[in-house]
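Written below as structure tokens is the structure these notes are about.
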Amino acid sequence: MPILTQHADVAVLDLGAGENRFHLGWIAETEAALDKVATAEGPRALVTVADGKFFSNGLDLEWASAHPDRFSDYLASAERLLARVLTLPLVTTAVVQGHAFAAGAMFTLAHDFRIMRADRGFWCLPEADLGLPFSPGMSALIQARLTPQTAHAAMTTGRRYGGEDALAAGIVDRVAGEADLRETALALAASQAGRASAALATIKETLYAPVLRALRHEGG
Amino acid sequence: MPILTQHADVAVLDLGAGENRFHLGWIAETEAALDKVATAEGPRALVTVADGKFFSNGLDLEWASAHPDRFSDYLASAERLLARVLTLPLVTTAVVQGHAFAAGAMFTLAHDFRIMRADRGFWCLPEADLGLPFSPGMSALIQARLTPQTAHAAMTTGRRYGGEDALAAGIVDRVAGEADLRETALALAASQAGRASAALATIKETLYAPVLRALRHEGG
Amino acid sequence: MPILTQHADVAVLDLGAGENRFHLGWIAETEAALDKVATAEGPRALVTVADGKFFSNGLDLEWASAHPDRFSDYLASAERLLARVLTLPLVTTAVVQGHAFAAGAMFTLAHDFRIMRADRGFWCLPEADLGLPFSPGMSALIQARLTPQTAHAAMTTGRRYGGEDALAAGIVDRVAGEADLRETALALAASQAGRASAALATIKETLYAPVLRALRHEGG
């Protein structure tokens, strides 16, 4: 389960050392942690990290295929989580130290910034190869954060982007070696902590209004 | 008229050696060829090629100006063709060996990928110079495939992009010398043939939902 | 107050040597000048320039905070001005010789092209730091002209882009030294003067239809 710790002005959300899939309990815990950061006061920023081979492998497809009647609710709760991260009233950075696949890759896109390990791990949307379409909200999120050329290639070919490729394609904002990865993210986050404000949340709500309507399954 | 041939898993649509304008008969033949590829089964991909000086010069404006009463139907059939290419359930690559102008340039954008000859031919939207506006669907297609900066410059100034310029602007995905052009495209297509699936068509329908509504003249 | 002069086919709008904030009178004068250029006939283009430290610092927040009851009308008139520039029937270029902040930065984005001084001045959206949200129309304008990565960073962090940074981020199309700045813009504009036409205005109206609806506060 994700664990939240505080480092001066920076809240660090640690997803853990497993595959970090979006189980229902995992989603609830993550939302609770984000609520805590969102409703805190004063300067603050968020850095999301994980350990080991995976950042996150996304939805728990095994559980989902065993519970077809609950799939649409499950998907909606994952989409709600993406919308929550996308509109936090503070600057958020995902540290992609390992594989970020499918909804795990989308989760990184819901952050303001992404720093990826230069020499290890892939950022990948394997949906086309799995025969899974993207929900309208997920498709809208990806398209709202990437250039048309990158979004199209990533979504239709399941291309696996290593750190340098992801940087060149504009998927991540920076790469760093393993030793510097967290330090870089923490320093960036600390420098942005003063920007936490309700106005920042409003700016993001306006920026991504159609994406959020789709992720939240709102009309219009 | 376009001719369809099969090379292992790759269907090759050859537009021909003329100006390859979108005559009504040409549109019907092309659609019939695409239907054949779309409804085939198993691994498959599409490569669209042409010969000589032109890839395609787009709409047949001479015919159109002689048939003003049929122009809106004609335009709608060209837009339907763009929508058809954009949503094929397989990976599509346009090989731009010569001039791709106006609707001919848009036709390349309806493919998943574009490979352009490095040293010959231009990709160009000359509408502003011809005094022709873009239809909402065509405008939406161009904007959905290019960065804002590239779409704006291409659409408002009629800039002619040679291969290297088009690569730098993100209009094409690769360039190659004349000798390697088709080989490169066929190899890329063959490597993607396993991705043909109904799910891929759904992914593209979701990616380009507003573009498709406009190209198909659907409400909303 | 802005002054309009004619240099062969190129109309030059000089914003002045102050902070060039969007006072109500300034907006009215600027609109009148643009109307003159828009309704003229024959080949023509527009270059917008300013002198000294600032290109424009945007809205007059001091006046606005003293007139809260008039703020929404004031904002709407600034948005109408952005829509007017965005749809002129001729090619427009902003010469960013100094600071372009907030609505001043958006004013540059409403032009077709931007040339920035390489070694002086910043392009910046400081709204997040000022605790000011963007109006839906202003947000839509920024997002329609920049890549997702650039728009997000500019709008959420108030990053100050110098000339070279702005060029790399695709915010401006060219940079030049102080000595060459206006010459470069005038030459570019003169080369595009033949493109002035009603069709060009229609192309821009179609390109930016949703942005314009939001800037003009139209339904839909």
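By written order: A, B and C. Residues from 1 in each chain.
Basically, contacts are C-beta pairs under 8 Å (C-beta built on N, C-alpha and C of every residue); 3 or more make two chains touch, one makes a residue touch a chain.
Note that this is a predicted model, so its numbers are computed, not measured.
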Does the subunit B and subunit C pair touch with the same residues on each side or with different residues, judged by whether over half of the numbers are shared? different
Considering subunit A as a copy of subunit C, what rotation angle in degrees (nearest 5) results from a C-alpha superposition of the former onto the latter? 120
So, what's the distance in Å between the C-alpha centres of subunit C and subunit B? 34
Give me the residues of subunit C that touch two or more other chains. 147
Using the touch definition from the top, list the residues of subunit C that touch subunit A in their complex. 127-136, 139, 143, 147-149, 151-153, 155-158
Quick check: in the complex, which residue numbers of subunit B touch subunit A? 91, 112-113, 144-147, 170, 173, 192, 195, 197-200, 202-204, 206-207, 209
